[in-house]
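Got some structures for you, see below.
The two complexes that follow have chain A in common; it is paired with chain B in the first and with chain C in the second.
Our next item is the complex of A and B:
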């Protein structure tokens, strides 16, 4: 029960891991080809950012993820609103959408690459598709759970559909929609890595990592993993931050 | 739309064509073999990942000391998109079965750990106190109180884990495999046989659906002896 009292404790395991890693790569037994020492990875990252094109790759990946997310999230929220608000859309398209959700996401890669090609369009289409599902599911759930009273109030006041969405559905379902957007952001990042690995080679962290694999540069591969993890973490934090900010406004 | 010839077969084949392809590949046994291989990989990876995840999740859920040691590191590593591990693992273990089992294992491990740890942590204090009053030893505390109370979260974790495992097997097979459903799709793409790609999509949908249904049934059955705390 003393766990909370020792703030340095969470650092113990990573530091020990680093030490073992460092020791293993220096004492020998493991060649640097298989396991480069930590400073080699750090050095590689530093080099990549100062001279190599790593910042270009990072920017390309972020841009791709951003575009795909924006596209997928807006269409997902719109689709979710439609499923939740229109009875016939929910009945007609709802089961179809749930069926679509059962298909593993990456199964769409071959199909999309045939339709949109393996270039930038295909990649963004895949990222958008990945981001759409969580946004749509949560928006749908959120709008379905709207209080009947509000919806009826809107009907009594003879709201236009757009007003219903703007004044009733969006504010009411905001927490669920934000949960969906957070899921969409994480899915978009995973899909970005997937698209860069599976589709045509282009600047991007996934492509760089694959190049590192093909040329057996483990420092590059490990450095890319580190970057991908940091960006993933940042996305998660950002989403939670935006969520608390927006929800605070709502209840205030 | 497709039948009227508005869209060529390379863009969107008619449902009838897809059905015929489905029938043809089922009859030849190729589809069945590919499905079995993919399912077997999922099963192996899922067992490894879920077993490890139950142990690790239970451990960091029960002991705040272990949690403060390993929890943050685990959470940080879990932020890395799963596919990012693939190039590294290919370098370390090659592209054989081990690669698939490891990646599917990781895919299962993460949600299982998250949910199990949360579930174990959230076991009502009242229940734990009952155990303490009855002078339960740690083993019976875990088996008779903590586990039953955490069943719903454990199940959520297993369900998410299985869904992840299923996603991952397709991804890995698309990228590095010469058998399985994912490979069949990438093969169909290379030959521009969209009907084959769509046929596999249909098989994936059916399998995903039946996994989901099966788990829901099982959950309902297990949930019956779940403890309720007022």
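Our next item is the complex of A and C:
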């Protein structure tokens, strides 16, 4: 049997982890300075949301991620379409793009902070760059995999490039594009924390974590990590839901 | 221009076309010195075994490909590429699976320059012509093979093209649907007064639909002969003149027509039994058996017979 009948099963491992954590901090003799107990973290999160302005930080991070994602995903899909539809673009820019993919994302931080500064512009540029790659790669692959027959049909019907994109490439590559957008959303969220940790201090979950580290408040650090995970998970679920909704009508 | 007013200039003309493909570095001649001229309102069928270059010829007329030598002219002017004056029906329906039937037909009008109201009217008109008004909102996956191909025909005709090009359009359909659609195709083409070019390996289909049958031979593809289908033969599968011209085409393709009496009797017996079996309780099953039996004697003309006649040998009874 699979998870459908037992909805609590995915929670099994996290709950066990929680129990081990609980045991370690109470009977295992691990100092609260190294590993605060779960209830302390929960308390800290509760306090943070009710009085400490944690919701402001969360909202700031979500905003940043949203902007960066929108920017990166749009340019990524456009770039991927260009690589997939234009033979010249594919040949000239394709290898360069694949090379770029080999450079670790965080290696761009110094360059971007010099170009755009460490403020909001630099952060969003970094998030957009992170979101761009998965969107572009998947769109490229999806467009390249389109049947030549459809492209030929477009030629017979005298389609201009925009007709081909609207009627053939975008709908034809939609499953791949949606996979790319899901990857882009997750990459954007990861990059948001990176940008907040490595660039200028500003309201946001990353900023909160920095603050927690510097003032040795491990409950705050751990709480922020938990929050990041929950938001990331929610993003993933949201993307999958949107995909099923958009692809529901497809039978071919 | 002088050429347009000149009545001797054919509507569509293929002039001395040769085309060679390169497969794994080796030249494979597909067409050699093919010439053909088509007048307005003609229905021309191009028949031949697979590999005789008939689909290549259609692609060249469509403007998707160019010949190494020779060219295609419309009203005396060489064509530069595809155009809305040529509608195309492919062997597979090639409908876009993410669009409904009517959206698929409307897609052909994107570059027509017509106003939106006129486009809607034309799409509805074409769907009605192919009898699919009720399925306008259906997606291709919800349609049967025959229905999907009828949508494809509507799409090819919605621009009211001068030329309708058909590349084995009914080849992928089951036998009954094929017969039904052959009749419909005849009606639809007559309705629009379109000039039609049909590529097919089905000799019966060619003789049934066309005024002229161009018989092609393979390796390299070239025209063996052009036969005129006289009025009495067309659209009457059982007329003696239909059978006569069909047998001539088959003979040209290297398949012997049914000529000995024994086989003729077998075929006659088949039709007799079919008539008798309509009274039977299990007529469907009987019909199938008869179909298989007749297939042995009567329809030795298709794919199955071609490979065996490569050496020019007749397949005797």
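To be clear about the criterion, the second predicted complex is superposed on the first by the 225 of 252 C-alpha atoms of A that agree within 3 Å, B and C clash if a C-alpha of one lies under 4 Å from a C-alpha of the other, contacts with A are read in each partner's own complex, and residues count from 1 in each chain.
Basically, contacts are C-beta pairs under 8 Å (C-beta built on N, C-alpha and C of every residue); 3 or more make two chains touch, one makes a residue touch a chain.
Small disclaimer: the values here were computed from a predicted structure and weren't measured.
Engineer: Under the stated touch criterion, which partner chain does A:18 make contact with: chain B (first), chain C (second), both, or neither?
Structural biologist: A:18: touches no partner chain.
Engineer: Between chain B and chain C, which makes contact with more of the residues in chain A?
Structural biologist: B
Engineer: Does the superposition put A:155 against chain B (first), chain C (second), both, or neither?
Structural biologist: In the superposition, A:155 contacts chain C only.
Engineer: Classify the contacts of A:145 with the two partner chains as first (chain B alone), second (chain C alone), both, or neither.
Structural biologist: The answer is neither, since A:145 touches no partner chain.
Engineer: Using the touch definition from the top, say if A:102 reaches chain B (first), chain C (second), both or neither.
Structural biologist: Once the two structures are laid over each other on A, A:102 reaches chain B alone.
Engineer: Quick check for you: in the superposed arrangement, does A:171 touch first (chain B), second (chain C), both or neither?
Structural biologist: After superposition on chain A, A:171 lies in contact with chain C alone.
Engineer: Look at A:56 in the shared chain and tell me whether it touches chain B only, chain C only, both, or neither; answer first, second, both or neither.
Structural biologist: After superposition on chain A, A:56 lies in contact with neither partner.
Engineer: Is A:92 touching anything from chain B or chain C once the two structures are fitted on A? First, second, both or neither.
Structural biologist: Neither: A:92 stays clear of chain B and chain C.
Engineer: Kindly classify A:163 by the partners it touches after superposition: chain B alone (first), chain C alone (second), both, or neither?
Structural biologist: Touch partner of A:163: chain C, not chain B.
Engineer: Who does A:213 touch here: chain B (first), chain C (second), both, or neither?
Structural biologist: first
Engineer: Residue by residue on chain A, keep only those touching chain B in one complex and chain C in the other, then list them.
Structural biologist: Touching chain B in the first complex and chain C in the second, no residue of chain A appears in both lists.
Engineer: Any idea which chain B residues touch chain A in the complex?
Structural biologist: Residue positions touching the partner: 10-11, 64-65, 67-73, 76-77, 79-88, 90-92, 166-167, 169-171, 174-175, 182, 185-186, 188-189, 192, 194, 197-198, 200-201, 204-205, 208-209, 212.
Engineer: Under the definition above, what is the set of chain A residues touching chain C in their complex?
Structural biologist: The contact residues of chain A facing chain C are 149-150, 152-153, 155-160, 163, 167-168, 171-172, 174, 249-252.
Engineer: Quick one: which bits of chain C touch chain A in the complex? Just the residue numbers, please.
Structural biologist: Touching chain A from chain C are residues 62, 64, 81-84, 86, 88, 90, 92, 94, 96-99, 107-108, 110-111, 139-142.
Engineer: Note which residues of chain A are touching chain B in the complex, please.
Structural biologist: Against chain B, the touching part of chain A is residues 1-4, 6, 9-10, 12-14, 17, 34, 99-111, 113-115, 189-190, 192-194, 197-198, 206, 209-210, 212-213, 216, 218, 221-222, 224-225, 228-230, 232-233, 236.
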